[in-house]
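Both complexes shown next keep chain A, but they swap its partner, so chain B is in the first and chain C is in the second.
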Partner chain A sequence: MSKSNFSRRGVLKTGMVASAGLALPQYLRADAHAGFTNAPSDSEVVLGFNVPQTGPYADEGADELRAYELAVEHLNGGGDGGMMSTFSSQALDGTGILGREVKYVTGDTQTKSDAARASARSMIEKDGAIMITGGSSSGVAVAVQALCQEAGVIFMAGLTHSNDTTGKDKRANGFRHFFNSYMSGAALAPVLAANYGTDRKAYHLTADYNWGYTTEEAVRSSTEAMGWETVNAVKTPLTQTDFSSYIAPVLNSGADVLVLNHYGGNMVNSLTNAVQFGLREAQANGKNFEIVVPLYSRLMAKGAGANVKGIFGSTNWHWSLQDAGSQAFVRSFGTKYGFPPSQAAHTCYVQTLLYADAVTRAGSFNPCAVVEALEDFEFDGLGNGPTLYRGEDHQCFKDVLVVKGKENPENEFDLLEIVEVTPVAQVTYPADHPQFAGGALGTCNPGA
Partner chain B sequence: MDQFILQILNGLDKGSAYALIALGLTLIFGTLGVVNFAHGALFMLGAFVAVTVSNILTLSHKVVDETRTDFLGNPLQVDVPYLYDLFGQAAGDTIIDWAVPISIIIAIPIMVGIGFAMERGLIKYFYKRPHADQILVTFGLAIVIQEIVKYFYGANPIPTPAPEAFVGSFDFGVILGFDPNAIIYPYWRLVYFFFSVVIIGAVFAFLQFTTFGMVVRAGMADRETVGLLGIDIDKRFTIMFGIAAAVAGLAGVMYAPINSPNYHMGMDFLVLSFVVVVVGGMGSLPGAVAAGFLLGILESFASMSAVIDILPGINQIIIYLVAIIILLTRPRGLMGRKGVMEE
Partner chain C sequence: MLGLEMKDFRLLLIVIGLTMLAPFILNPFPEGSEMAQFNAGYPDLMQRFVIFGIFAIGFNILFGLTGYLSFGHAAFLGAGSYGAVWMFKLLSMNVLPAIAISVVIAGLFSLLIGFISLRRSGIYFSILTLAFAQMSFALAYSVLTPITGGETGLQLALDDPRIFGASQTATGNIPVPSLFGLEMRSSYELELGSWLFTFNAGYYLAAVFMIIAFYMSIRIFRSPFGMMLRAIKSNQTRMSYTGLNARPYTLAAFVISGMYAGLAGGLMASMDPLAGAERMQWTASGEVVLMTILGGAGTLIGPVLGAGMIKYFENIFSKINETILHGWFAFLPDGLENFVVAMVYPFIGKGWHLTLGIVFMLVVIFLPGGLVQGGQKIAGLFRRKKAEDTKPNATEPAE
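This part shows the complex of A and B:
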């Protein structure tokens, strides 16, 4: 009598164990021979563009995606080459990256940290993306940056302005080209003092999340250093749509300046409400009442319409800049899509070129080689003047634009005018500055 | 004292929006027995009627201005509205300026039509289904409507200003003997409040003083008996759905200048409006209106920095806290009727 070792349950168990083995995250097993995660084949390399395609920042995400597609086209030798011709490093030659054709996959962050991590993980594990880039929120940037560190791929942040991205939450595999809250405060304060005087009383309305806190802290400390006094700072829920109950008490608070530490829909609504309440025409303490929006975005300014007129803020880049790099980018982007790029599109395009250039200079896709090539890399010709990717915190240091809502726009894109290009020296800070305290860069992780 | 009055004003205008949406929700729930999670989407659609009317009024043709250049350095193509060609620039500008009030007239038939289509096309198949099914299907419908709007209008808010005549604020402080600027309130928000009072009054008058309204009220109280009397109550309830949609739509049209419309503005109001309905009492129209204004005012007070300093975070939970207290003390809400949602 023979006895079979195969039982139904046994087969199922074996099957499940085998399936679990096969389903192991690709980055834990694939390409171990190359010594790093998702080593590309000889013919192509895959980049992962993780942008908000749905949710409140979908328009900004769409502009980021346009910029990425343009960058890929230029890297593969298509179009007019855009900023590749003005970039001080001339390592890129339009033959892809290290001779591999650049392919890309996209993910939808939904501007939610968990969704952004899931889409980044999917692009790394299923699609073999060797670099993840994009995003339009600091919460998302910090979450995806941490994931990329664990997975052993490079993260080139998109639009993220919180100090924490390259402060307490910095990671060795993550790099930020965009400016930050500290830089906004440092650039804005002297312009505000010059225009509104040093004897001012400010009232802050601050979005109740990480970016709001760092922006309030940065603007408060830099304006207080100029002699301003902060009379009140009120946190507003991120989900708030009508700010009237927060704005109504401002005029009678003793303040003569309202600082709106809001972004996106919050900024559009709070600014619209403030203007409705007549704050722009009001007088307080014998002075004209003023409103300040520390972080401007052209797309958001469009949402606020005429309400932005005359209001100061800061921005990372603007399409009206006249340097050769900016003009080349605006020409490429404008010719392809019919309108000028946003600052989000600019930083995403530049980050893609910077990554490709670093790989080319390093001669390797190994994340640790890329990190080494990017650290303390000095470059020019990408729209912000001479720029340093500081090795200590992976933050770009470059000039910052102080802008003002234009009084007489000539067309629908002509919403902001550049008031001052604040030199990089004025916005540079030591890596151990209190606003960036905590956290450690750690060491690069090549994965595999 | 001035802060107190200011927050009451604030609460009244915020409460107006809650009350208008909650009124529509209660009308639909009271008549059709349907929990309509797509009601916020109707509010949003109303706002987008204003956006669309504004877009139509500014339909333009291009005229090349050789003296100016666009962002690429090409001769600038200037948009000239067709209204300028028809009525001249001054009259054209005035018509464009009054886009939102004009939208009110256009929104009524559009929203009633959307309401009919929604009720006949989808909702009527769910009358006899459990409330959970109704919630799921109407919530799904809300998401579909949202995504359609986002596809055509994008995700960013679209500025839709009030007419120039209503820009600026009214200084109550001077009238009441306070310092100038102590109690100022924007004209358009005052218009919104009075507009909502008129709409609420009109709905109540319609239900109270017309035969149609009497039949609907009888149907709300006892649908079966009214049916046995030979009255086609379903047809009247469909019309009520259309009216409720129009109320939500008008609330949206008028709200467009207060906050630039975006595709998810309906969802922002929906949850709060449901809390308003529950606090007011399921099926009670006066309850919905009273609770709308009450919660609007409480929310305003909870947003005062003096209150937040003592109770941090109270501004985010006040409405739910009040809802819990009221439901614990009065399980049917402020003016809830016996037997509604209790079977």
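This part shows the complex of A and C:
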């Protein structure tokens, strides 16, 4: 049993001490309230690079990190400046961002939404990052984008191809430069029709997660629109490494095209299995059997080796592009690391530059000012031709590359050849397209 | 005091002190200094410390007392998270209903799984729980995508109904979880000289829950029920021969620890309103086993220490990259610097698992009683001889 005796003096005394204690920190507080989260100091600004360093996309993550380091070097005036000289907006001058030196912190997303969010939160809360970028999976991109919206920092998505990132899960503080499933479908369909005819029966194998679904939907609707028929669509677990049991039924299904909605290690394994089963030499319905891979990357092509020869797919960017921006980037990346960059590296480098440029043009690090500067921003010279950052969904609209596995590669990096550069008009869709329905951008959140 | 013996009460006081002063204890290095890298006093990590502390305390009630090694406890954490996020989506952004429902859902879920799995003991029990957890993971990852959000995870949207609250704030954003208006992510920063201490509302809420959880765990450990669970651990066959049916007791312990996991899941969702399927994966279940064993299975404070240690490694060590290392060893001559960096690098940054593995091996081999036993050994060095014959019964490690 406790016994308490409140005396008037005691209560007053305690009250005074407590209120003084509570009020004191208000005076001790140093940071001037700038009106947004993590306002940078006068000398440096911290960016957060959140990439997969372990797990299935570690290769992409490593390449992304290289690109970020290169971008920081260029922003701070080091190296040869890369794409800064070919960028149509010449606001950046190599003195950092708004005169502040660019510093960065790195984190590991592990390609898991939870881990990615924890890593991003520690960058925001501990290291004071003003912008988060990176990632090599749509699940992670969507999760981190939502976090950045809540915390009031800008998110510049890395490699994320699912429609949802700028569709049903779009956020005002998030921006995507990379292309998406719809664009892949729209760009691939005419090339497939020209090469394989309009009377085909397709069989889809789809990675059983968000990106797989939207890619299957996009490719299906684009190919069906030009006369193809979809025989069957089978979902495969993301962790699957042996696809024999999924490939075996394909030949007897009456299909004559196999669409592999797989990425990374999944695609390498499923394609290898398909080739081992002799699908490439097979005949079905009196036609040659064909395989299509909607999203290609050089790192995947490397993993699948000779199996990719002659197989069509789409990609965001390829180092063999001949425009001045791409060449400048390939040159400075190659000088620093000794090999050409992947499309993941390209999009991450470009995103960093775009962010720095938007801050400079806006004259402020305030996320709302940056959002305003990026929305409906038209630019050129970053490797994909004239590009628009659409304000309605924060998606970039640019030309899409349709590529094919090269028959006679000259070296280990020369694995894909560009079949067609699909003009931007052909892959543009209205913001309320059914594949992007649901969700709302909301308004920009500058945080505290 | 509070129905506790003096010794346990002192332990409780220590835990209360540690959690309440954590923002100071975890930020020993001044802001901007080289050592600031090792500061852990930022909201996200502090929240993780106490939330995983709760998870491990609950796991310890099952594993430490009955010896039943569940390899599927992450499923309850995940189920709790999903329940909480659904409450945010449907009801309101207040955290209390969300936490309540997460405990209830995890309790029901563990009742179902426990009822089936507890028909077996030993390794068969472990495998059954592992199978159930992997099943839940697979379901959450793909089949139940409409309910769980699949790979992306379940998250809030601007058009959620939120019956007792606004669907969106006046500025057109998704509202954040709060306790009657006190936002979970709101922090109060205290700057003293070059030190910066962050007091986060969410952390203190989670810390209060952990203290309650810890208190309940002490009561369970000291109760006749706890004694019965220990009896099951030491010789279940003999228990059955004396005519006692052990299953109701083990099932009760299983459900209690499942509810603890659900509470942890609900708190996790309250701090960061997103539930991902990875929370249910077997690696997450394995993590809590590691936490408990690392800290000391069967001890009261051990699991909390183990949870803290693993989370510290995961969040602090994993962020040290090559550039930082070069900064540290810059004083060495160039060749030697590169050599030292090359030697150290595999153990930190993305190699933090390796370091953790080595620490875990050392602990299991040399300190089977976990960190708690290590602490006792150190304390024993300084204590007078007389203390040796009084056995420290409060924190006796599991055999």
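Note that the second predicted complex is superposed on the first by the 416 of 448 C-alpha atoms of A that agree within 3 Å, B and C clash if a C-alpha of one lies under 4 Å from a C-alpha of the other, contacts with A are read in each partner's own complex, and residues count from 1 in each chain.
Here, a contact is a pair of C-beta atoms (placed from the backbone, for glycine too) under 8 Å apart; a residue touches a chain by one contact, two chains touch by 3 or more.
Source: prediction; values computed, not measured.
Visitor: When the two structures are laid over each other on chain A, do chain B and chain C clash or fit?
Guide: Verdict on chain A: chain B and chain C fit.
Visitor: Per the contact definition in the header, classify A:385: touching chain B only (first), chain C only (second), both, or neither.
Guide: Touch status of A:385: no partner.
Visitor: Please indicate which partner A:35 is in contact with in the superposed arrangement: first for chain B, second for chain C, both, or neither.
Guide: Neither: A:35 stays clear of chain B and chain C.
Visitor: In the superposed arrangement, which partner chain does A:114 touch: chain B (first), chain C (second), both, or neither?
Guide: Once the two structures are laid over each other on A, A:114 reaches chain C alone.
Visitor: Would you sort A:79 into first (chain B), second (chain C), both or neither based on which partner it touches?
Guide: Neither partner.
Visitor: Could you tell me if A:210 is touching chain B, chain C, both of them or neither one (first, second, both, neither)?
Guide: After superposing on A, A:210 lies in contact with chain C but is clear of chain B.
Visitor: Counting only touches as set out at the top, which of chain B and chain C does A:242 meet: first, second, both, neither?
Guide: In the superposition, A:242 touches chain B alone.
Visitor: In the superposition described above, what is the shortest C-alpha distance between chain B and chain C in Å? Please give a whole number.
Guide: 6
Visitor: Per the definitions at the top, what is the overlap between the chain A residues touching chain B and those touching chain C?
Guide: 54, 235, 237.
Visitor: For the complex, which residues does chain C have touching chain A?
Guide: 39, 42-45, 48, 138, 141-142, 150-153, 155-159, 168, 171-174, 176, 185, 188-192, 198, 272, 274, 276, 278-279, 315, 318-319, 321, 349-350
Visitor: Tell me, which parts of chain B touch chain A in their complex?
Guide: It comes out as residues 2-3, 6-7, 9-11, 13-14, 68, 70-72, 76, 150, 154-159, 161, 168-169, 179, 181-182, 184-186, 188-189, 258-260, 262, 264-265, 268, 299-300, 303-305, 308, 315-316.
Visitor: Show which residues of chain A lie in contact with chain C when the two form their complex.
Guide: Going by the criterion above, the answer is residues 25, 28-31, 53-54, 105-108, 112-115, 117-119, 121-122, 125-126, 138-139, 142-143, 146-147, 149-151, 164, 169, 172, 208-211, 235, 237-238, 438-440, 442-443, 445.
Visitor: What residues on chain A touch chain B, complex-wise?
Guide: Residues 54-59, 232, 234-235, 237, 239, 241-242, 244-246, 248-249, 251-252, 265, 268-269, 272-273, 276-278, 281-284, 299-300, 302-307, 319-320, 330-331, 334-335, 339-340, 410-411, 413-414 of chain A touch chain B in their complex.
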